[in-house]
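Okay, handing you the structure first.
Each chain gets a letter, A, B, C, D, E and F, in the order it is written, and its residues are counted from 1.
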Amino acid sequence: MNEKIMNLDHLGIKRFFNLDTNTYRDGALPSETKELLALTASAVLRCNDCIDYHLEQCAKSGFSKDEIIDALNVALVVGGSIVIPHLRHAVATLEILEEDGTLTESNSKSTSR
Amino acid sequence: MNEKIMNLDHLGIKRFFNLDTNTYRDGALPSETKELLALTASAVLRCNDCIDYHLEQCAKSGFSKDEIIDALNVALVVGGSIVIPHLRHAVATLEILEEDGTLTESNSKSTSR
Amino acid sequence: MNEKIMNLDHLGIKRFFNLDTNTYRDGALPSETKELLALTASAVLRCNDCIDYHLEQCAKSGFSKDEIIDALNVALVVGGSIVIPHLRHAVATLEILEEDGTLTESNSKSTSR
Amino acid sequence: MNEKIMNLDHLGIKRFFNLDTNTYRDGALPSETKELLALTASAVLRCNDCIDYHLEQCAKSGFSKDEIIDALNVALVVGGSIVIPHLRHAVATLEILEEDGTLTESNSKSTSR
Amino acid sequence: MNEKIMNLDHLGIKRFFNLDTNTYRDGALPSETKELLALTASAVLRCNDCIDYHLEQCAKSGFSKDEIIDALNVALVVGGSIVIPHLRHAVATLEILEEDGTLTESNSKSTSR
Amino acid sequence: MNEKIMNLDHLGIKRFFNLDTNTYRDGALPSETKELLALTASAVLRCNDCIDYHLEQCAKSGFSKDEIIDALNVALVVGGSIVIPHLRHAVATLEILEEDGTLTESNSKSTSR
């Protein structure tokens, strides 16, 4: 689908997508921390597609399920009960990521710190 | 002012404030990471008072100015140009935190990782 | 699905769900008034799952269809035409609640006042 | 200031303001219940000016401080900690309404039910 | 579905729908410009149903695909990457509007200016 | 203040600001139409600083007061009564733009179309 957006051939949109990709590269903060920030931002802004994308990135970055759930809890408290349906959605996506092996038991960013 | 809210003596509100405080204690994620998540969430939800509170907590947690700015950049890209006035506000608050010594040159969470 | 969230065994999330449940118990305001407040809040925040949950609670609390529609009208005026798709969703849910007998003709909170 | 908006002489805006006023007249729900709904909606949408307006209407309608606080607690739980600065603002406004006699001790909607 | 809303027979809701329709008639701004404004507003508020409705109106008003995409780019920059899933949705709807002939090659509002 | 943001020397933020500026250059849509879109988007997202910036750009682009008010009416209907405080703010800013000569009687984009 992003291919279709690229095919629109709108320079501004192409630049935005490029900027978006670069945002999550290592900088003052490591890439994985920025993925966790984006996950929390997506949850309080209540965007399921965005939550799914950043959940996958967080799992690939090596965060454990418990760490991801702890980040989603911050989103729940900041954003309130209106976030609950998106928490449910996230938990269902996490199950899929466990089943397909993206999210593994040995994942843990914070214990390695 | 929070004292006045406590004086309302509403059990639900008291419990929410207690829950809110506990959210940022060390858990699966360390306290400081959760403060950075809350800062980003506050920025995309565009709440200056919340931004100021979590900026101070992030500075006290040892994040450097560059790391905090990198987190705010995630908020800018996720939330768009509507976040710019709040980015300006955050930069002014960071100056105050530098001047009063809360934010120091030696701060750095990610280089120590 | 809430069971799966409970199974996450995250103390903060469990406490939030407990707090959320207690919010709607009788207090200075009766339980049913708080359900109507939450319905309106869900509508202006445009969350269909939340609207459905609170519609059912409002119907069970004895509010009539006309009273519920009057509350949704407040949400429409406060939140604007962006609320219209959620008003449509709510009307479809109300039909289901009428068909299954949750919302009855004899319901009326305000006429009994 | 609303006078200046009327002086713009834009038919659509005038009609919106007229519609807005009529929304809070007695209907299937009594006027005061709709003011309380609008207060909660204003709090979750985080608009201080709107909160102040509806707080005054709720106080004039006879709601007690405890009832108003209970409504704001629903907003806090639905909308999350991002609502806290607006809760603080509301508490300050309630103090003013107590001092000027708009909000009185004898107010109580729900005990009369 | 709007018929069902009309059948609710709520005077306030009927008036709101009437007001909503009149908003997009020629005024100080031509009708088509106001449809483009509503499309952008719908995109930053992230409402797919609203986006679809105003996309169709914009196509019928004679805007070209490039002009509509340029408007959506404004929404993307103002609203941030959280708008991307809605941009994807809009691009899929534009394809349908091209296939059914609502959006035609010869459309162009700005070249005629 | 934007100078201070540039001095942060964060490549991502600099690129976002550059992208933001380029968004409003003539493209498939003329620059002034895009300023009007951004004004409406800023109003429904309820950001006074953003409203002020785009009001000035719209006035400089040659839109008349009536055309700008007609755009703000679209924002009011889409965004609801929660937009009213921002409409008030915009009307006060328009007065300043009239007084300093930025907004002139002879302005009119649509009559020239």
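Following the convention adopted for this analysis, a residue touches a chain if its C-beta (ideal position, glycine included) is under 8 Å from a C-beta of that chain, and two chains touch if they have at least 3 such contacts.
Computed from a predicted model, the values in this text were never measured in an experiment.
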Request  = Provide the labels of all chains in contact with chain B and in contact with chain F.
outcome  = A, C, D, E
Remark   = Relative to chain D, largest Cα-centroid distance belongs to chain A
Key: For chain B paired with chain E, centre-to-centre distance based on mean C-alpha positions, whole Å   = 37
Note = When centres are defined as mean Cα positions, the distance from chain D to chain F in whole Å is 30
Ask   = chain E: which residues touch two or more other chains?
value = 12, 16, 19-20, 23, 27, 41-42, 44-45, 50, 66, 69-70, 73, 76-79, 81-82
Remark   = Within the complex, chain D is touched by chain C residues 19-20, 23-24, 27-30, 33-34, 36-38, 40-42, 44-45, 50, 64, 66-67, 69-71, 73-75, 77-79, 110, 113
Ask   = For the complex, which residues does chain D have touching chain B?
value = 46, 66, 69-70, 72-73, 76-77, 81-82, 84-85, 87-88, 91-92
Ask   = Which residues of chain C touch chain B in their complex?
value = 12, 15-16, 19, 22-23, 27
Request  = Note which residues of chain D are touching chain F in the complex, please.
outcome  = 1-2, 4-5, 8, 10, 12-13, 16, 20, 41-42, 45, 47, 49-50
Query = What residues of chain B sit close enough to touch chain E in their complex?
reply = 44, 76-83
